[in-house]
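Note sheet for the following structure.
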Amino acid sequence: MVDPAQLHVRVLGESRIDSPLGALLPAHGTTEHYVDETDRVLLDDTLAMIAARAGAEVPSFEPGGARRRIFFDPSKIKVGIVTCGGICPGLNDVIRGLVLTLNNQYGVSRIIGFRNGYQGMVARHGRGIVELTPTSVEYINEHGGTILGTSRGNQDPDEIVDCLEQLGVNVLFVIGGDGSMRGAQKIAAAVAGRERRIAVVGVPKTIDNDIPFIGQSFGFQTAYAKAAESIRAAHVEAAAQPNGIGLVQLMGRHSGFIASYASLANNDADYVLIPEVPFSLEGFLPYLRHRVLTRGHALVVVAEGAGQDYLEDAPVRLDASGNRKLGDFGVYLRDRILGDFASAGQEVNLKYIDPSYAIRSVPANPYDSVYCLRLAQAAVHAAMAGRTEMVVGQWRGRFVHVPIPLAVSSRNQVDPDGDLWMSVLEATGQPGNFAAATRLIA
Amino acid sequence: MVDPAQLHVRVLGESRIDSPLGALLPAHGTTEHYVDETDRVLLDDTLAMIAARAGAEVPSFEPGGARRRIFFDPSKIKVGIVTCGGICPGLNDVIRGLVLTLNNQYGVSRIIGFRNGYQGMVARHGRGIVELTPTSVEYINEHGGTILGTSRGNQDPDEIVDCLEQLGVNVLFVIGGDGSMRGAQKIAAAVAGRERRIAVVGVPKTIDNDIPFIGQSFGFQTAYAKAAESIRAAHVEAAAQPNGIGLVQLMGRHSGFIASYASLANNDADYVLIPEVPFSLEGFLPYLRHRVLTRGHALVVVAEGAGQDYLEDAPVRLDASGNRKLGDFGVYLRDRILGDFASAGQEVNLKYIDPSYAIRSVPANPYDSVYCLRLAQAAVHAAMAGRTEMVVGQWRGRFVHVPIPLAVSSRNQVDPDGDLWMSVLEATGQPGNFAAATRLIA
Amino acid sequence: MVDPAQLHVRVLGESRIDSPLGALLPAHGTTEHYVDETDRVLLDDTLAMIAARAGAEVPSFEPGGARRRIFFDPSKIKVGIVTCGGICPGLNDVIRGLVLTLNNQYGVSRIIGFRNGYQGMVARHGRGIVELTPTSVEYINEHGGTILGTSRGNQDPDEIVDCLEQLGVNVLFVIGGDGSMRGAQKIAAAVAGRERRIAVVGVPKTIDNDIPFIGQSFGFQTAYAKAAESIRAAHVEAAAQPNGIGLVQLMGRHSGFIASYASLANNDADYVLIPEVPFSLEGFLPYLRHRVLTRGHALVVVAEGAGQDYLEDAPVRLDASGNRKLGDFGVYLRDRILGDFASAGQEVNLKYIDPSYAIRSVPANPYDSVYCLRLAQAAVHAAMAGRTEMVVGQWRGRFVHVPIPLAVSSRNQVDPDGDLWMSVLEATGQPGNFAAATRLIA
Amino acid sequence: MVDPAQLHVRVLGESRIDSPLGALLPAHGTTEHYVDETDRVLLDDTLAMIAARAGAEVPSFEPGGARRRIFFDPSKIKVGIVTCGGICPGLNDVIRGLVLTLNNQYGVSRIIGFRNGYQGMVARHGRGIVELTPTSVEYINEHGGTILGTSRGNQDPDEIVDCLEQLGVNVLFVIGGDGSMRGAQKIAAAVAGRERRIAVVGVPKTIDNDIPFIGQSFGFQTAYAKAAESIRAAHVEAAAQPNGIGLVQLMGRHSGFIASYASLANNDADYVLIPEVPFSLEGFLPYLRHRVLTRGHALVVVAEGAGQDYLEDAPVRLDASGNRKLGDFGVYLRDRILGDFASAGQEVNLKYIDPSYAIRSVPANPYDSVYCLRLAQAAVHAAMAGRTEMVVGQWRGRFVHVPIPLAVSSRNQVDPDGDLWMSVLEATGQPGNFAAATRLIA
């Protein structure tokens, strides 16, 4: 249960000047399509919530968007942008959107990018700085990856604030995942400790869509569309051969959104295994064999974070971002399936596909391009209005400001009782419980 | 302002039997990702609405999704499906989703499609009936258009109900636009007049996204992604030549959603003209000439319904659906631009692109495929639960039931004061008011 | 019949220096995959040709490719590049290939591009010059159009040679169509008249594939692949409606290659009408009506240059390149079809699609990207070896040098007796002679 | 050196009847675009070949295409189709082209497909037979894979001829690779041994393009276009990170065509390693480290058959087709690179991509669709004219008949002295000899 206080965003100060965008905001009040600055967006939108909250404060977000009066004087400030963590479709769209909005709408002319994530902000790795202008970013949205480069892991927040101060940066935009947002929170804390007026605003990046309270993460639609191509490829392979099995491992360390949506996209999958929904291989394997026997082929989609309990004996390893490296369940499952068919003396032609790099590196599709641009616009408006230690998101169709502590407090996951997983169960026809189902086929 | 009573959906009767999907619904209550059958979804989700409604009923929708107990006995019913009006990406996905969900989840085995829209249900045009099975719809989602064929215009509701009764159809799914939904409403009324238990459930189709209260219409994302390709083509043409202008007319009779989103997608447009935002050519034309002079080229995107006041002298024409045929503003604008440059003695190379057929006919992209499947699931659940005279939609992320009278009571339009249009103004840099802006460049 | 003398390429002079690429050419002799500099490629490769030529010189081309010894000293020369005429997929690939090969392989560092075609080389339009470097062209192949801009029409050859001399340009690459190649021929003649050592080498551009002796023009495969999408769109529209006709007008002023190949690509077309094969509407129209009556829908593909005899009364108009503007046969045909069905009292739903701009403006597909790069390599090798007044092409799989006078002496057309048109007749099932066929259905 | 006798195709007998296509062939003689039945196509088309052959028979192919008189009576025959070996883009296009040409052009109505390759023709695996009609194949070209299914390995030729005789099949089309063509040769021999009049005609399938004398294999262009996407993905990954290396393993057991063309397509590769061109890792690895050090990242493309001498110690394994299984050089190379950087204490971020399944399973692109259709037309014409024990191909632009013994006598490979490899060296800038090059950087 979210405490309404967790939804309140930090502001650098109370002073304000007129915004150059004021002319575009003649008399906007809250409408179906716009939430006025003085209004808020409900966290939950059911009757049950309203009833439960009768008399108490209702949890709500501050809306995003341009303000009539702003905190920073655009003609005087310098802005920095950094991209952190793994690549994801849309990074260049966000960079481009930030630069164009800052420059064209606010008239901010001094914008720099840091090379290779937080590494580019500290001396040890050698600071790397790139000037960013509307011309230099004109076509970057057509390329995958990030023109700034990226790296994993955080750096010493004090060194980073030293860097910001020495370069005279007033606003830092961090495009990165939950680890990087924790880093941004520490940077904001260090800024606050020095009583500086430097805004730290995040655009949350997670190809797995596992950051909570931001609606859907940018690049996610592009990712599952691309993932659906791999499922189709595996289906074609499996269907072309006697006793074919296609096994596709998709991204999703903690959350099975890509696996779920990609499986719904062309509806070829027979089984979808995700971290949020436990399953037993002892129940699954006989079920799969039965399927191949009766239908001739089968298709299994597995999120990389699924079935980790089967890999418990593997040693704990951490990546540079401090994330625990997962054991490779896809490979483990492949071997278990092959072993199971061998034991049963049943022929099988299994093709295993793990397309992760092919998915991360593509340019954003038109939906994500629009979304990235609008997130970037919202992030610029928030920073110009003096917000800090927050990320932008879209909550039930409205752009909102989400405090970083809230955004890193939990994970967004597929709700096993929610309507998405229900759609997957309906579409695949897979049983909710393999062990129970297996008894039926025995 | 919507009256809460308008949001209540008609039900065929109160009797219920256990649903075959009950096992998948162990103990679902309202969560962030699911709205229980006993809860409702708020129409508006701002604090302002809650405050305004203090003490009064809050407008809310009935949630979509599988019910534990249903109205129809799946083993006994026969289901009909019809597609009406212009084609749109995703029609075959919806047909496929209806058939698969009816057959695989509920065990309904008697499903038929009517050929060529409502025409296929009446004797005058010759009834056309196709058996629909999981096998016959297996790959249809990879094709654009509709395998059932379609036609414009409604037919006599009594003849249609005769057809349903003679064939023993218990549930009719209508996939069509607002005109077809008005037709469906009349069919439901005729059914009610005869006191029959035939459910009429709609899946609203509008490539323009102009049906209200359903969130976003299926096929719309595919459509604006495809439209963005035309904008890119026009940009390439315009930029390759001295004094190039690209002029792209996109679909949008009453609503500029495709024009707005497609323009944001690759952000090449300099001007976007939509029906919802008035403009004066007298202000626009000098502004455009100035742009070509200073920048070398320009790109104009216009929704087909824009600028109709300039075509008032054209005679009124109706299409077969009874929609007033719009004058062709794109062609008019092309001629006005050419005339204006000629009068000013300024060279111009204008390329005019109207890609509408190329957009309507493509298969759904993965997002829309998922969305169509889930709309189809929701429509089946609603019909099996005895709902009628309603359409399915997704309201702020939740699948909901929308009474047809409400869905045809108004149009969904781009709010000139909303955040979408604000994003367009920010991204293009076009002035809110060309006349005022022109004075600045004079 | 081609005179062997027509196949001999002009050379600027006989002096030679060692090529920096010599090390890559250890001991190449003619093989199945390579033609040595001392060998030639046969124009025709049939036994009949050999027999006919017994004792006479056999027509053959000079092979393309790197030479061991070259004419120009790469460290001293300056190179100019110009793109002329309409845009076509692959222009940026060719520019990029020229720059990379000149710079990386030969060490030429002074490369310039002229803006907006020949206009950018003469004072009257204002010379426009762009420095071209490996960095500036790194990603341009991902964009359609031409980064240099283009224009139609030739300019005074003497002014152009003045420009080349004043700028110290030693090699001019012209990427353009037959009109531009005639311009290049005049430039080469003016250079020769002044006894200068300036090479003029062309990369022939024609989206219609109508330049002879070059195999297939770059961008052509991309073009017909894109055109096939429009045919598919028209098919989907036509098949979705009662009595639907899809009518697609494709590029092809004098040659029906795009119409023929695109129609074969997904094999939806029922009739293909091209300039090379005469037909009578009086025979065609009843045949089409019969088809719609019996099959329910039909698809007609027409090349823009077809049926011009039906438009003879239209006044003669020339475009800026001096090409006679064609009458718009697609629109004429649409009206004739509508009139014919109206006279016959037969319902028809006709959708007319003319996708030309959408086809010209796309980036090259991978095949064309490879081909453009290799053409650019061949053009650079030819120029460095002192060839002039020639274009590069690929003849039966080998890169060859084609003298400009030969390349502009005729048009490449679909041979009505050749195997391509035979494939179209087989695939569509259309009669060779509509009048005769019509008698059969009467 | 090919003996002219090797180019002569077997014919079932000399009797002939009039062809139903005769009307489409009024007076075709050899032209630039068509080779008459009485003429032949030269194997080699250089002056050197003519000179070398003075007085001797010149090696030449029999041309493909419709004949005026044919061997089989279309109204009486039954035709079988089988697809063998791994899947490849275009299989369904070929099946569809065979069925449509047989049915629509010749009026053959009895056409069957065998399920799962040669397995479907023998009792041990259970014969699998599918009726094929124009309706059943209408849209199959939009799907990857093969609707007939496939399997590896040959079956007893006598059992297969038993099957053909029992079913009354007069013509067998085999779509498969060199192993399957050897199988077809044995089937033809068994047919001849029994003195039956059953034609066995192949459409050669090899995604690697390694079958000789057929020009380019179908699906190859689609394959390298798809492979180019993986190279782009690896480039984006490598460039986004400090010290990034992208390593892409592409198909190509014996021939580096896919690796070569895909690398040229977007020209991102720094090194291309193929089976035909030996290299030493001892030379390559220091060169690669130097590149990463100086440029920040690098991209390596390797064909799966490259570097097999480094894997000699691995045990010999055969697949079901009897092909020797290659050791996995891509994985070996990845480990060697990682080891080399580790020894040198140099940081590296290596991403390894092996996209083979994603490439094999896609539908054919428009070029390959056209090519598959035309190959199918040529195969049907050949069979109807009584040819047997041959495959169809396209030699220097002309469709030709190639005897199976010749087609399986050698492999088509990238000629290290040919112009394709020269283009790769020019485009990548990689040295011809890494050891020599390494000395330069030391």
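A few remarks follow.
We call the chains A, B, C and D, going by the order they appear; numbering starts again at 1 in every chain.
Please note the rule applied: contacts are C-beta pairs under 8 Å (C-beta built on N, C-alpha and C of every residue); 3 or more make two chains touch, one makes a residue touch a chain.
Quick caveat, the model's predicted, so the values are computed rather than measured.
When each chain is reduced to the average of its Cα atoms, B sits farthest from chain D. Two chain pairs are in question, A-D and A-C; the one with more C-beta pairs in contact is A-D. Centroids built from CA atoms put chain C at 46 Å from chain A. Chain centres here are Cα means. That of chain A falls 42 Å from that of chain D. For chain C, residues touching at least two other chains, in rising order: 142-143.
For chain C in complex with chain D, the touching residues are 21, 23-36, 39-42, 44-48, 50, 58, 60, 65-66, 96, 100-101, 104-105, 141-142, 215, 221, 224-225, 228, 261-262, 264-267, 365-367, 369-370, 373-374, 377, 396-399, 414-415, 417-420, 422-423, 425-427, 429, 432.
The touching residues of chain D, counted against chain A in their complex, run 87, 116, 119, 143-146, 149-151, 229-230, 232-234, 236-237, 239-242, 351, 353, 355, 357-358, 360-362.
Across the complex, chain B meets chain D through its residues 139, 142-143.
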